[in-house]
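Below are two complexes that have subunit A in common, paired first with subunit B and then with subunit C.
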Partner chain A sequence: MQLKPRGTGAKGGAAADARLARRRLIAASCALLGATAARAQEATNAASDSISGEWNVDSALAYYHEGAGRIKAIEPIVNFSKTFGDGRTFSGQVVFDSLSGSTPNGALPSIQPQTFASPSGASLSASPVTYTTSSGTLATESARIYTVNPGQQPMDPNYHDQRLAVSANWGLPLSRVLNASYGGKLSYERDFVSVSANAGIARDFFEKNTTLSFQINNEFDKLNPIGGAPVPASDYALFQKTGGKTKDGVGMMFGLTQVMNRRWLTEVNFSLDRFHGYLNDPYKILSIISPSGGTTGYLYEKRPSSRTRKSVYWENRAAWGRLSMDLSMRYMVDSWRVHSDTAALSVRWWNPDRDRFLEPNVRWYRQSAADFYTPWIDSTGSRYISYASADARLGAFHAFTYGLKYGAKITDSQDDTTSEFSVRVDYYRQTPDHQLVGPGSLQGLDLYPGLQAILVQIGYKF
Partner chain B sequence: MPARTFAPDTALNIESRGADLLAVCFGAMASPCELLLPAAERAVALDLGELVAREARRIEAKFSRYRDDSVVTAIHRSRGSAAGIEVDEETASLLDFARECFELSDGLFDITSGVLRRAWRFDGSDRLPSPQTVQSLLPLVGFDKLSWNPPRLVLPEGMELDLGGIGKEYAVDRAFALLAAVREAPFLVNFGGDLRANRPTPRGPWQVGIERPDAAGRAALILELEQGALTTSGDARRFLLKDGIRYGHILDPRTGWPVRDAPRSVTVAAATCTEAGLLSTLAMLQGAGAETYLEAQGVIHWLLR
Partner chain C sequence: MKIHITTFRVRNLMLIAAGALLLNGCASLGVKPWQRDVLAREDMQLNAEPLTHAINDHMYFSKEASSGGRGFAGGGCGCN
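== the complex of A and B ==
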């Protein structure tokens, strides 16, 4: 490559023609810029409604696979956003989940084979199941029966579900420092429908270096469990079920975002939410265990009908040359006495041309058990159950996630657009804490299997 | 979720560059854009940045051929109608300018040459179009085939207009004019490498790095600019390679084929971006004659081959 800095200095006859041409060019440029100055000024205001940005689309396909033959999920996600000329923004998301596999039903392993009825609807090898509805009539429904071998964790092998979730959010600048936002979300599953709406306001201070925001959220959920919603704490063998149930939630969040300097942005959020209604998992049961370790029966779980959660979240984002970093921490406490701590760190490392990056991440999570969590119910204790659940998600555990993401920017030389391709692989390992040893024959059985899962996500952003 | 994250392309971002220089950055016209202000207060910088960004986006929205609501799309919709379309004053000025450039360059600079893109895809491969394909498009190229009687334009069937070749430079000059009306102190407007400054900074001339075309982000040379405009044409990443011959992305509208031996990049200094941009584009179109052309024009220039 040859570099040729040149000065001015055209001489001679041909050059005179060239200079004449150049004077015409200068005249043409001046005519263009002079003639339109006033008109363009007027048009500046008139055109502010027109669109100023292309749609940004961020799509991903995630595959989630739990170990030991448990849940597998495939999840396409599409995010799209657009900023309009007057500063309004729109963002939307469409997610479709397809889940299948086995899911723990909450009962403990036993040295005897155990038989359960799956609530997952009609099947060819169905046996009739009778249950009472809220109107008192008897109904029958086909249910699949499954048997769990001695020593194995009882899991419903017929779990399958599909979920479609759509959300939309609008941002509206009210002034140069004040922004409003509002949006909604709809999520639909075969046995669950959720609708929520949110509204927020954010104000910038100190030349946009500080932002305070406040947001409220309202959610309404309708549950239509397959086979009906069990009466909480009722005997599993009695099939006492009612029709659909509801729950609703309200939440609010107060946030502070602060630009500390050119390389560091910090953000603190406080949030409070409260759910009320039918908060049970309609498919979860508990084993009733005798002092010898035998299973004498099962109860449906029963959770309190309200739950209040408070959390604090602190996130720091920093960039230094080709490195950028995101460190976040969360502390959550709820009225069920679940406390949880989360810490996550990701570091993005760009190549010198800044068109490819590697991003390792690690996340640590720990929670204490809900005060009504119990792995089983003692058959010699009181038959009156205030609240009880053996759902491992309400027990004490800690978990690590290790992941690696690789991304590459692709520039289309034809129309000068850039897109980004990424692959992400995460490994998740959950380990139960504070394990109680089972009585009698339960000793030696693995009552608290952990969970391992792999997440693979392929993304394309354009 | 928090109402604010790191600003996306469409938002204004303010950052300090060194002790006494603020940069207001935003994305427009598929390019990173910035307004540089030495010794300015942040609040003032943001206000001025909004003025510039708004103008850039106005021009982009009005003249982009990818927008349903643009003037160019409206012109394309009128294609083939005998009555044509009446255009506004600003568009008329741009069309006048395009005609003048077409005539001055003997048809080398042509806003109707975009149809040739149907034949050429510069993806680094060896897939050249057939001569027949290129030949079949030539009847659709040529500003002289339009009927332009201001303010009425008749666009024949099959033809296209693309103001992309002058839009960015024009936008710099427009934003410059808006700023100059409200600010005496030094500033520099830079839209994707096409830039214009009103006066030197308190510490001396502006330092402008010119990118080496094949290594994004690395300055091949540093120029000093007191005032006026600098534009750079050329992008070595867009080419086809067949039988050892490199076909660059600069197409000669008269033949439909890439200009032979075009420089990798040409940087030209002139009073306005519009003028500088045209000179750098025309120099590229001269191919091997780029140096001779620029010297005959008597302009300050830098050339990479």
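== the complex of A and C ==
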């Protein structure tokens, strides 16, 4: 693997200046030759670095930690990209996730201890379970249950999972102003497999100052929930579960990228996607609550079998001297009546030698609740449930993210190469909105604990 | 029914007109090829940090009801 030429640095004097000038000339030439800003031409962002056909490698290690003993995740990720001599581009990505910790099961706290079965469990009894195996023999296993103390948020303490995802995308210039792209993604977890394919076309106008793009995506997911897929809205204590389930989705996206002026680039994307199939979270349940606040039972959640989402996304990039800025906004609405607004801003501040930067960022997010979201089910109401979920991710809440990133370019005078090291720390806080007060004994309990998380990302690219 | 058809046609005409105006506006924006020095900067590329975006998208996808916008809103993860 050949490394790219060294860029700017604090050392190097006139030679470094010459290299800087050459590098800027190459970058500007690349922009002239077709490195327009269209999203469909993702790999062109690296084209200035790989103009001579070298591989670019971008790697990161992310550590994610939620408060209150919830999920911890570690995620190594690496991206390879290359621009070939004929203008074709390739970008590949490999991600591995390892998650563990406690995850809310959807039930409410109670003033009484509550006992739940792990996903693989088949009984709420503490006694060993005897069952018939697929070969017809009887087997006995110890009970897989967990008990939640009074007042505590019910969480499955034994959650763990691993995910491996691989994706690849190719870009193909069809003419001086027309580019095609296509790619695919495969993601594997022990209870979930996802395969998707995408294709797109982008056309430049007005001396490559305007790019219109259109992309389509098709995804197929296979769910193999641990212990089986519960029958939606069935009684939790009956363990009515079936085999694997599927869902599939189709999406399309129109994009407009526009160079506004020498320092400002803007992009607007209109997206539409529709998913159909088993859209429930197989591990989420709801509490059935009596007027006195007591828990009389639980049901598995039941979500509609289709979901259509529409979104508008607007991103702006601007730069002045040693500062650059990325401001994005998104509005999304879906057929579950979830409306959300997102705004994110990051500002990068370079040092005079342009080999170090600091980048604070902030993100604000707000969503309304899905129309079938309910924190609990009233025991005195109808037992017929059309759709219901107590998954807090479908409730109304707002969230803030505050973060800071530091990056440093490292030059190696021995082999005339450069690389970049970065570290980012983000703090995420989610606060529930429009909270219903629980009846009776639930009034003194924290039914909506929210979420706090820290993300640390260490990156290295060369 | 006529009202619906008329409304539909008016809406389409407005969309077409808005698109034409937008494209016309785009023609008067932008820079000359030799003015792309700032636009060529690494931090001015829309996908300058693919890994940060991928990590963020995964985190927010698993904790919020919305996803996508920058790219497709697909899953590729059983966490939501």
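Details
By definition in this document, the second predicted complex is superposed on the first by the 386 of 462 C-alpha atoms of A that agree within 3 Å, B and C clash if a C-alpha of one lies under 4 Å from a C-alpha of the other, contacts with A are read in each partner's own complex, and residues count from 1 in each chain.
Please note the rule applied: a residue touches a chain if its C-beta (ideal position, glycine included) is under 8 Å from a C-beta of that chain, and two chains touch if they have at least 3 such contacts.
Everything numeric in this text was worked out from a predicted model, so none of it was measured.
By the touch criterion defined above, A:267 lies against subunit B and subunit C together after alignment on the C-alpha atoms of chain A. Once the two complexes are overlaid on the shared chain, A:179 sits against subunit B while remaining clear of subunit C. Applying the stated contact rule after C-alpha superposition, one finds that A:215 touches each of subunit B and subunit C. Looking at the shared chain after the overlay, A:60 reaches subunit C, while subunit B stays out of its contact range. Residue contacts after overlaying the shared chain place A:257 against subunit B and subunit C alike.
Contacts of A:202 after superposition on the shared chain: subunit B is touched, whereas subunit C is not. Of the two partner chains placed around the shared chain by superposition, subunit B and subunit C are both touched by A:317.
Using the contact criterion defined above for the overlaid structures, shared-chain residue A:351 touches neither subunit B nor subunit C, since it reaches no partner.
Shared-chain residue A:83: touches subunit B; no touch with subunit C. Which of subunit B and subunit C touches more residues of subunit A: that partner is C. Shared contact residues of subunit A, touching subunit B in one structure and subunit C in the other: 24, 28, 30-32, 35, 37, 39, 44, 48, 207-208, 215, 257, 262, 265, 267, 269, 317.
Here subunit A touches subunit C in the complex through residues 24, 27-28, 30-32, 35, 37, 39, 42, 44-45, 48-49, 58-60, 62, 64, 75, 77, 79, 91, 93, 95, 97, 161, 163, 165, 185, 187, 189, 191-192, 194, 196, 198, 205-210, 215, 217, 219, 221, 223, 249, 251, 253, 256-263, 265, 267, 269, 271, 273, 275, 281, 309, 311-313, 315, 317, 319, 324, 328, 330, 332, 334, 336, 338, 340, 342, 348, 365, 367, 370, 393-394, 399, 424, 428, 430, 451, 453, 455, 457, 459, going by the rule given at the top. Interface of subunit A with subunit B (complex): residues 1-10, 14-15, 18-19, 21-22, 24-26, 28-33, 35-37, 39-41, 43-44, 47-48, 50-54, 56, 81, 83, 85, 171, 176, 179, 181, 200-202, 204, 207-208, 211, 213, 215, 255, 257, 262, 265, 267, 269, 317, 353-355, 411, 413-417. Residues 1-4, 6, 8-11, 14-16, 28, 30, 42-43, 46, 50, 54-55, 57-58, 60-62, 66-67, 69, 88-90, 93-94, 96-97, 100-101, 104, 117, 121-124, 170, 173-174, 177-178, 212, 215-217, 220-221, 235, 237-238, 249, 264, 271-272, 274-275, 278-279, 291, 293-305 of subunit B are the ones that touch subunit A when the two sit in their complex. Subunit C makes touch with subunit A in their complex at residues 22-23, 26-27, 29-48, 50-52, 54-55, 58-60, 63-66, 68-78, 80.
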